[in-house]
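Chains: A, B, C, D, E and F, in written order; residue numbering restarts at 1 for each.
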Amino acid sequence: MLNKNIQTFIGCDCDYNDARIVLFGAPFDSTTSFRPGTRFASQSMRSESFGIETYSPYQDEDLTDIKVFDSGDLELPFGIPEQALLDIEERTQTILDDGKLPCMIGGEHLVTLGAVRAAAKKYDDLHVVQFDAHADLRNDYLGVKLSHACVMRRCHDLLGDGKIFQFGIRSGERDEFIFAKEHTFMNRFDLGNVSKSVQNIGQAPVYFTLDLDVLDPSEFPGTGTPEAGGVSFIALLDAIKEVSKLNIVGFDINELSPVYDTSGRSTALACKILREILILVSHKD
Amino acid sequence: MLNKNIQTFIGCDCDYNDARIVLFGAPFDSTTSFRPGTRFASQSMRSESFGIETYSPYQDEDLTDIKVFDSGDLELPFGIPEQALLDIEERTQTILDDGKLPCMIGGEHLVTLGAVRAAAKKYDDLHVVQFDAHADLRNDYLGVKLSHACVMRRCHDLLGDGKIFQFGIRSGERDEFIFAKEHTFMNRFDLGNVSKSVQNIGQAPVYFTLDLDVLDPSEFPGTGTPEAGGVSFIALLDAIKEVSKLNIVGFDINELSPVYDTSGRSTALACKILREILILVSHKD
Amino acid sequence: MLNKNIQTFIGCDCDYNDARIVLFGAPFDSTTSFRPGTRFASQSMRSESFGIETYSPYQDEDLTDIKVFDSGDLELPFGIPEQALLDIEERTQTILDDGKLPCMIGGEHLVTLGAVRAAAKKYDDLHVVQFDAHADLRNDYLGVKLSHACVMRRCHDLLGDGKIFQFGIRSGERDEFIFAKEHTFMNRFDLGNVSKSVQNIGQAPVYFTLDLDVLDPSEFPGTGTPEAGGVSFIALLDAIKEVSKLNIVGFDINELSPVYDTSGRSTALACKILREILILVSHKD
Amino acid sequence: MLNKNIQTFIGCDCDYNDARIVLFGAPFDSTTSFRPGTRFASQSMRSESFGIETYSPYQDEDLTDIKVFDSGDLELPFGIPEQALLDIEERTQTILDDGKLPCMIGGEHLVTLGAVRAAAKKYDDLHVVQFDAHADLRNDYLGVKLSHACVMRRCHDLLGDGKIFQFGIRSGERDEFIFAKEHTFMNRFDLGNVSKSVQNIGQAPVYFTLDLDVLDPSEFPGTGTPEAGGVSFIALLDAIKEVSKLNIVGFDINELSPVYDTSGRSTALACKILREILILVSHKD
Amino acid sequence: MLNKNIQTFIGCDCDYNDARIVLFGAPFDSTTSFRPGTRFASQSMRSESFGIETYSPYQDEDLTDIKVFDSGDLELPFGIPEQALLDIEERTQTILDDGKLPCMIGGEHLVTLGAVRAAAKKYDDLHVVQFDAHADLRNDYLGVKLSHACVMRRCHDLLGDGKIFQFGIRSGERDEFIFAKEHTFMNRFDLGNVSKSVQNIGQAPVYFTLDLDVLDPSEFPGTGTPEAGGVSFIALLDAIKEVSKLNIVGFDINELSPVYDTSGRSTALACKILREILILVSHKD
Amino acid sequence: MLNKNIQTFIGCDCDYNDARIVLFGAPFDSTTSFRPGTRFASQSMRSESFGIETYSPYQDEDLTDIKVFDSGDLELPFGIPEQALLDIEERTQTILDDGKLPCMIGGEHLVTLGAVRAAAKKYDDLHVVQFDAHADLRNDYLGVKLSHACVMRRCHDLLGDGKIFQFGIRSGERDEFIFAKEHTFMNRFDLGNVSKSVQNIGQAPVYFTLDLDVLDPSEFPGTGTPEAGGVSFIALLDAIKEVSKLNIVGFDINELSPVYDTSGRSTALACKILREILILVSHKD
C-alpha cells in the first residue's frame, strides 16, 4: 500500500512526542506596507530545503541527529491581523505547554507578536533578542497599530523597558531611534555587541526573532524591503552561535519573500541558517 | 521657474472643476488570499499609460477631448479593510457630491464595496454590473467577511436580490453558484448576454465593476488568480460598449497585478481598456 | 497533539484503500534536449492547486466527491533513463494490480513509456491516445533511443501498428510524419477528429497521454519547447470529454515546466485540466 | 584539426555563391521610444532556432532544401541613426547587386528604411507591404525624423502615394490615420484584405516588412510596445502565404525584443515564421 | 476640491524658490552599447523611494529638513544625442543661474556631458570627480564620439589635463588606461585615495558624477554592464562623505537600469545613496 | 562576398595551428539533481563576452595578445552520461595530442571526468586542483555513479590517494568529509591554503577544475545549487594566480547556469574570470 505524501523541512521528520523542537509556518503578510510576498516563505523553504544537505560542516553535526517535528502551516485569515495573532499565540502555547521549543517560520514580522504573547504568558521575565535591518518601533503605521512596522513597539508594550535587544538596525524614522535610546538596547548597523549582551541577559528566558533582512541584500535579496549595508552570512552565523548560548524558549525566522529572488539563493540561505539554528539550539539540552 | 512633477494617467490632465470624470487609485490588497500585488496597479498604469496613444482607432476619438481629472492614489491602511473601505467610500462620495463620475483603479476587488456603498447612498435603485472570472459570492473566506472573495455577497447584503448582473464567471465554490441562481443574474463563461441585460436594466443607475481577470490569462496574465477559459480583449471591448449605454454612475477596474507579467502587456491592456471606457462613458453626457 | 504536514493535490485526500484513482509524480527530465525543468511540475501543481477551486462549473461536479489518493513523487535517478522507467513501471503496476487507475504527473514525455509498459503487460490490446504538439516518433535523438523525442516510437515498438492515435501534432522531422502515415493515426494541427477516433477505438483499453504543449503557447507558455499554432483550453476540454468516454486504464499529464512562466498561469491551467480529467474519468465507473 | 564555430539560423548554411536568399541581422534600437531591446533579436533567433525543426508540416517542405546564407550581424553605431541606415543600405545593395534576396532581421522598425532605400534604387516602382500594429506614419517624434515611429512616413517620402499597403494597424495618433486615408492603403485591425491587395499590386516589385507586433501580445509578448487586439499566428501565416505570391525583392522581420518574454515563445514563434517565409519566398523562383 | 497627483522623490517637496537643490531626471540611453534600460531609472527611483525612510541613521539627519525641489524628467529625443545634451545643458544652466545646485538622475553616463558643459560655462576652473567601474575615456566607440563610453574623454576635451579625478576604475581598453596616465588622475579598483584627492582639489569648483556601477554587482546588479570586483555600499558612503567636503557645484547619479534587478534592491540602494548625498551636500551651506 | 558568421569567445579567434589554448563547450546537465540549466553556459558566455573588454587591468595584458582557438560546442547526448563523457574525452585527447592546452566550459561538474580521463592517459602523475562549494565525493547519488555529486570520487577512483586538492568546500554529506580526511587534501570554506599546496604539488602535471559555485552566491547567483558563505571574485582571482604557477595541462570552468541570474552578472563574471585564466595560463609558456 502506498504512503501519503508527507512534506517537511529536510530532516525534520521525527514523531511529535519525541520532538524537542516543533516547527510551524505562519504565512501572513496582510500588513506589509511596501511589497508583500512573505506568505510564501514557509512552503518555499520546505520545498527548497532538499537542495541543501542535512550535515553542517560549520558544526560537524547533522540535522538528522536532532529531533524536530514539522507541523505544517497555520491557515491564517488574510486581512484580520488580530485573529491571525490569536491563532499563532494558540499554536505557540500548545507547543510550549507540551514542553517543546516552538520555531516559527514567518510571514511578515508582525507574526512574532503572537509567539511573544504566548511566551510572555509562560515566562515572567521574557527578553527578546531581535536581529533586523529595521527598528519596527513605530507606535502606528498610517494609523495601524498591528503592523509589521510596529511589532517591537507592541512587544515593548507587553514586556516593558530593558527587555528588548536589537541588532543590525539601519533603518527607521527618527522617532524610533529616539524611542530606542530610552526603552530598548539598540545596536545599530551590525552585530558587534551580541556577545556582550548575551552576558548581560544571563539566564533570563529569551525569545529570539530573526528578521532575515538584517543580512545584506546582496546575500539575501528575497525580502520586501531590502536595506543596503547589512551583515554577511558568516557574521550572522557567528552571532547566532552567541545567541544560542542563551536560555532560548522560542524563536522565529521571518521576512523571506521568495518571489523577489529569481536565483533562489535567498530561500537556500534561509534554509541553511535554519539548519544551523536548529542544531545550535538543540545543543542546549 | 521650473514646474512640479505632476503625474496623471495619459491625457487626464484637465482641472478638477472642469472634469466630468475623476480618477483615483485604491492600492489595497490585504485580503488577497492567493498572490498579492494589485496594490501596484494604479501607479503602474499611470507610468505605462505613456506607452499607448490617446487616440482610439476603435472609436475614432481622442482621450484628450474628454475631460478627466486624475486625483492620484488614496493612502490606505494595510491590514484594516474596514478603514480602507471607509476611505474609499469618502472619496467616492466627494466626487459624486460634486456631480462627477468616479472612476476607481483597484486594488483587489474588495475595494469595489467602498465605492458601491457611496453610490448606494446617493442612488436608491442602484444596480451593479460585474465582469469577472470569479463569482465573489462567498459569505466568508476563512472566517473573513470583508474579503475579495466575498465582495459581491457584501454588495448583495446592501442592494438585495435582482440588482447584481454577473458575466464571465467561471470559478467559485458550488455554494456560490447555488446562491447566484436565487439572488443574482449570473452569466457563466462569457459575455454573451450583456446586451439583453442592458435592455432589462433600462435607465436604473448602474455601478460597473470590471475585474480584469475576466479576460483570458493568455491576454492578461498579470493577475493574482489567473483562470483559463476567459474572454478576449475584442469581446470585452464589445461588451463594454454595450454597458456604456447604461446610466453609469460610477465604475472601477481592478485586479491588475503588474508583477506577475514581465512582458508588461497586462498593464498596457489595462491602460487601453481604461482609455476606451473613459471615452465611451463620456459619450453619455 | 499536532498533525504531520500532508501535502496533496487539492481535494485528493481520500485513503488509499477507498481510492478509485491514484496520483503520483514522475519528476524526471534528463533527456530533455532543449530546455529542462519539467521535474518541478508535480511539486508545483500540488502547491498551486490551492489557488483553484475543487468545484467545476463546466461539469457541475466537485473534486471532493471523487475518490483520489495522492501518493507523492517517485524519487527518480537523474541521468539513468532506463532505471527511471523501471521505477515508473513498478509504481504503475502496483496501482493497476490494486484495481485502481494510475494518474501520473510528468516530467518530460519519456516518463509515459514506463506507464505504458505496465499497462501493456496487463491489457493485451492496449491503445494509446496522445495529445501533443510534437510527433515524438524519432527512432533516436543524437543516438539516444530513450529520449522524450522518441517516446511514441518506443510505444509503437511495444504496441505495433494502428494502436497509437495522435492529435494536435504540428512539429517534427519529415521522417516522423512519413512514419506516422504508415504506422499511427496522426491528426495534425488540431483536435478535430477526436470524436471519430473515439468511435473507432470502441471498448479497447486506452492509455491517455496529454502533453500539455498541445495547447497554444499563449495559454500555456510554461513548457520547454513552445510551438505556436496550438489549441485553446476550451477546445482541449471538449476533446478530453470525448476521450473520457473511452475505456481509460491509465493516463498522464506531462511537459509542464513551471519556471518558464513567471505568471503562474501554466501551472494553474494544468491544475484546472487535471481537476476536469479526474472528474470526467471517475464518471466512467 | 578542429573547426571554427560557425553560427547560423537553423538550416541556413549553404555557400554564399549558391544562395538564393541572404540573411543578415540589424541589431539597432537607439530610437526606440518606450522599451528598448530589439538589438538582441537576431542573436537570440539564431541561438533559439535550434529548438524548432527545419521541416514545415504546414507546407510539407524542409528548410534544408532551400538555399540560404546567413551573413551574421552588422555592427551598427548606437546613437547615430543616419550612419546605421547607411550601413544597412550598403549591405542590402550588395546582396541585391549579387542577384540575391536580402532578408533582414531587426532591430527596431527604423532599420527597414535602410533596406527600402537600397531596394528603391534598384527597382523603380517599388511597393511596400507592411504588417504592423502601429501606423509608423508620424512626421516626427519629439522632433526626431529618423524614428521607428516615423519609418513608414520616411518610406512615403521616398516612394510617394499609393505604394504603401498597411495591414493590422490598431494604434497611432489621429493624424497618422488621417494621413493614411490620403496617402497609403491602410487596413485596420486585421489582415482581412491582403489577398485583394495582392491582386492590385500585381507584378510590381515589393519590399515586405513584418513588424511582429502585428501579432496579438498573447502569442507574441516579446516586443517593446505590445498592443492588444492583434492577429493570431495562423492568420499571419495565411496572410504571408498570400504576400509570397507577389514579386518580393526583399523582406524583413523586426521588433522582437526577447528580454520581455521569459518563456522564450516569442523568439520561437519568430523563428517559426521566418522558416515559413524563407520556404514560401523560395518557391517563387 | 481634490488635489493633483504630484510625484517627487521622497521628502523633496519644497517650493522651487525655497529650494537649495533641484532634482531632475535625464531618461536617455540611446548610445548604450550593451544592454539599454537606464531611461527608466528616474521614474523608478521616485516610485520606489517611498520604500525607504527620509531619516538617515548614518548622519542622524532627515531629508525632510533639507530643501529640495524635484522638477521631474526632461523629455529627451531618443536617437539624437546632441539635442539631448543641449536640453540637459539648458536645464542645468537654469538651475545654476537661479543659484541652486543641480542634481541629475541619469540615464546613461553620456548625460553627464550636458551638465558639465553648463557648469564649465559658469565656473572657470571646473574639476570633475568620477566614481565609476569604467574609464569612459575612449575617443570614439564604433565611430561614435557622443557615446557613454567616451563621456570622460569629451569632458577632458572641454576641461583639459589634470581636472578629472577617477576612482574605482576596473574596466576599459588598454588605450584608455594609457590616456589616463597622462591626462587624468585615475585610481584603479577602489576608492582608496579619495581623501587625498579631496585635499589636492581644495576649493576649486567640482562636478561630482557617480556611475553606480562602481558598486560591486552583488550589491548593485541593476546596471547594463556589471563589473565584478567593485566597492561596497559602506565604502561608497564613506567616500561620498569625503567628496561632500569639496565645493560641489553640481552632481549626478547614473547608470541604474532597474529592469535587470528583479529584487528591486538596486533601485532601493540608489535611493538610499541619493538621500545620503542630498543631506551631505546640503550641509555645506 | 560576405563572410560566414563565426562566433567565438571574445578575442579567441586565432587559427587552430597557431593556438596555444583550445576552448570547447560541453553543454551537458543530465545528472543535475536540483536545478538544471548549465547546458546554456558556453553559448551564453560567448554571446555575453562582448560586454567585457579584452584588456585586463589586473594584469595589464590583453586577451588579443594570447593565442586561443574556440572550437565551439560538443553535441552531447542528453540522458547518456557515459557517451557524453567519451565524447569529451575524445575532444580533450585530440587537443592534448596536438600539443595544446584544452580549456572546457561546462556544463555540470560531471563533464570534468571526461577531460581528466584524457589527461590521466597522457600524464602519469596527474593531480587535480578543485575549487568548489561542494565536495562531490559521494560514491553514488540515488544509485547513480556518474553524477555531478560524485565526480571527484570518480576522479579519485582513477588517480588514487593524495592527488586531489580541494578548496572552498562548504557543503556535502558527513561521509564525504570523512572520505576527504583519508583520501584527498580538503580545505574547507575558503581558498586560504592554495599557495602552500602549490608548493607541495611542485612540477607535477595538474588539471585545474573551477566550479564557479565556490564564489559567494551574492557575486555569482547563476548556478544550480547556491551555497552561502563563499569566496569573493578578488579572492578567487588571487588564488587562480597562485594555481597558474603550476604545470597546468588542462582546465575547465563549470556550473554556470545563466537562467537563474536575470541580471546577467554571473555570466559576465564567468567571462571575466575566463579572460584572466587564459592570460595567466598563457604566461607559463
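One rule holds for everything that comes next: contacts are C-beta pairs under 8 Å (C-beta built on N, C-alpha and C of every residue); 3 or more make two chains touch, one makes a residue touch a chain.
For clarity, every value in this text was computed on a predicted model and none was experimentally measured.
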Common touching chains of chain F and chain C: A, D
Over-half contact-pair match to C-D, picked out of the listed pairs C-F, A-E or B-E: A-E
Interface numbering overlap (same over half, different under half) for chain D and chain F: same
Centroid spacing, where centroids are CA-atom means, of chain B and chain D in whole angstrom: 39
Distance from the mean Cα position of chain F to that of chain B, given in whole angstrom: 55
Per-residue overlap in chain B, given as positions that touch at least 2 other chains: 216, 218-219, 262
Pairs of chains, among all present, that meet the touch criterion: A-B, A-C, A-E, A-F, B-C, B-D, B-E, C-D, C-F, D-E, D-F, E-F
For the chain C and chain B complex, residues of the former touching the latter: 50-55, 57-58, 60, 62, 216, 218-219, 233-234, 237, 262-265, 268-269, 272-273
Complex interface listing, chain A residues touching chain C: 1-8, 16-17, 22, 24, 43, 46-47, 69-73, 94-95
Residue numbers on chain C that touch chain D, as the complex places them: 34-35, 169-174, 177, 188-189, 216-219, 221-222, 225-229, 260-262
Touching residues (chain side chain C, partner chain F) in the complex: 29-33, 36-37, 39, 75-81, 83, 141-144, 146-147, 259
